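What follows is a single structure, and I will ask about it in a moment.
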Amino acid sequence: MTQQFNSGFSAWLKRDLVLAYRRRGDAAGPLLFFVMVSTLIPLGLTPESARLADVAAGMIWVMALLATLLSMDALFADDHRDGSLEQLLISPQLLPMPILGKMTAHWLITGLPLTLASPLLGLMLSLPAAGFVPMLCSLAVGTACLSLIGGVGAALTVSLRKGGLLLSLLVMPLYMPVIIFGSATVGYALDGLNWLPPLAALGAMLAASVALCPLAAAGALRITSVN
Amino acid sequence: MNWQWFHRLGSPRWFYQTTERWLPWLYLAALTILSVGLTWGLAFAPEDAKQGNSFRIIYIHVPASFLALAGYYIMASAGAIGLIWKMKLSYMVMKAAAPIGAALTFVALVTGAIWGKPTWGAYWVWDARITSMLILLFLYLGVIALQYAYQSVDAASKAGAILALVGTVNIPIIYKSVDWWYTLHQPATIKLTSAPSMHPDMFQPLLVMILGFYIFYALALIVGTRSEILRRERKTGWVRELAAAEVRS
Amino acid sequence: MPDIQKSFAREDPLSQPPLVSVENLAFERDDTCLFENIDLTVNAGDILQIEGPNGSGKTTLLRLLTTALEPRSGFIRYRGQSVTACRHEYLSDLLYVGHQPAVKLTLTAEENLRWMVAASAGSNNLSIQEALQLVGLSGYTDLPCYALSAGQHRRVALARLLMSQAKLWYLDEPFTAIDKQGVAFLESCLQRHVDAGGAVVLSTHQDLALGAVRKYKLEGQGRGLRS
């Protein structure tokens, strides 16, 4: 039974990674969005580094959230269109494991690159030095939550033609705790406080999401993909 | 155990015919209790020492906020019953509950803003409770939008139910994190409606208003569900007969 | 040979329950009944052709058989057991090729087939190269599938049939977009499968040039309202 669990998880994880690699241009989209939007902030707000430093952490988090949302609707939609999802639904494997595999792949393709690119944005937005490590940690954990929660929304809207916008509306409220604790982690560090507690709260959310989101997405796919 | 009542409860026709008899009483009760509560609260309750008469908006604001949140759980429970027991009636209840809940949330937000102007000097303040209410409104709108996005009624109901359930898991997390976020940024200096410190003369009409809102909510939910029943069962024999009788009279 | 088996099974149903039996199956979508009282049995060695006008529910019936859809009422049994009770065994023993061939355009034919075989339960000792050669794609194995035609996509999906060990084949319009030689080849495939004790349920408007095809007609007149 454990082998079954693994095979469903790692097979779909690997497959999605290969598919993303073949379409690197598409996969790079959220990352480019993330970097480009950060140029708008000094233009729209102020080039003054002191004022930028105040908003840097929150802005980076908001942009990471938007960049994730941008890529979310492709999670199941492509598989739905070409019939792979139908095959997944009738495979003898337990459905949540392949779905968790796909969500993990989504994080590796979008969340992880965003996290790794965030120090660059931190520099551009004059984030104080004390904020870099907390920002990396909180983004690494937080974007994983975003991929998992967003996956539920993607499953709910998979068969809709204009699912992308609706998906954003559905999951945005569910993302709010993540952004609160994510930017608070950086905020605590900048205030010289112990930033582990808010990070731990993010970790707790990740644990709950890993347990619940694949189940909810599996239930949703069984309903939405056949209608 | 006799499950007869449970199956009968699942029949839209039975629900439609039974509630027909309840409606006049519910209308009467809602009207009476709400007018008693309003008159009492607006005319006879004493003026607040600090806020003067502006505090009286709580007689709308507090009950509306109560039911906005309770309504989400009612909606999600109806969705869960539909998913578990495949009961079509409860999907109709869920669909009817969403716009009512959203409207109450909106009322709570608007009255909060009106109340905010004389108290805080601004219509909108990012207070923990107001922010949570706003997120609750977004959750409601999500459920409504998702249900309208699907052509198939079955898919719309089930997808809406799953989203509502995901929302229920999230609401406590959202509320707690928003509370925490608020204390982090600006410690709560103005505490307005901590109920136990309210004078009993102010508090009693509030209780009456909350009761009145509950009855009003039940009434709105039943009326909404009845119209949803007619819409979804419009092709069945009994609804056609009903419509024919309506035309004749 | 198949005929003897069938009559034997009918005379003494208790000793050998049919491979799949459908009892009193009904399906409705949005309170509109698509069909009711579907009864059919599939024995080893059967080819069952589902016929009916457009919209009579052929695809829906096949999807019900794969458990992707849930019936309003009625049972599907696999070797005498309800499929909800032996879901894993049943799904491991069936192979479904739907309208969409589940071919990923960025992967090559070979990669697609390798992935499909890995995701299904088991495979025989035919190699992927051999299978692709048999379906007439030997020169195309290393091209990404977006360079191939619709008929060739279908051939990739049908190459699965050659490699599968599943007893039950459910094929939804398998002859769509396939040329004459392809049709003949597929028919010989089906014949070989049932001769080896497998069973095929397929929907097609085409008359098959095969000996023992049973037909099941969906009238498309089941449309009516729930009482």
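General remarks:
All chains are identified by letter, namely A, B and C, in their written order; residue positions are counted from 1 within each chain.
By our rule, a contact is a pair of C-beta atoms (placed from the backbone, for glycine too) under 8 Å apart; a residue touches a chain by one contact, two chains touch by 3 or more.
Source: prediction; values computed, not measured.
With centres taken as mean C-alpha coordinates, the chain found closest to the middle of all protein C-alpha atoms is A. For chain A, the chain with the farthest CA centroid is C.
Note: centroid distance chain B to chain C, computed from Cα atoms, is 49 Å. Computed from the mean C-alpha positions, the centre of chain A lies at a distance of 38 Å from the centre of chain C. For the pair chain A and chain B, the distance between mean C-alpha positions equals 32 Å. Along chain B, residues 152, 154 each make contact with two or more other chains. Those residues of chain C that touch chain B in the shared complex are 29-31, 225-227. Residues 63, 66-69, 87-88, 91-92, 94, 96, 98-107, 111, 115-116, 118-121, 144 of chain C are the ones touching chain A in the complex. Here chain B touches chain A in the complex through residues 135, 138-139, 141-142, 145-146, 149-150, 152, 154-155, 158-159, 162-163, 165-167, 169-170, 173-174, 177-178, 180-181, 184, going by the rule given at the top.
Contacts from chain A toward chain C in the complex involve residues 11, 15, 18-19, 22-23, 81-84, 86-92, 226.
Note for the complex: chain A touches chain B at residues 152, 156-157, 159-160, 163, 166, 169-170, 172-174, 176-177, 180-181, 184, 187, 201, 205, 212, 216, 219-220, 223-224, 227.
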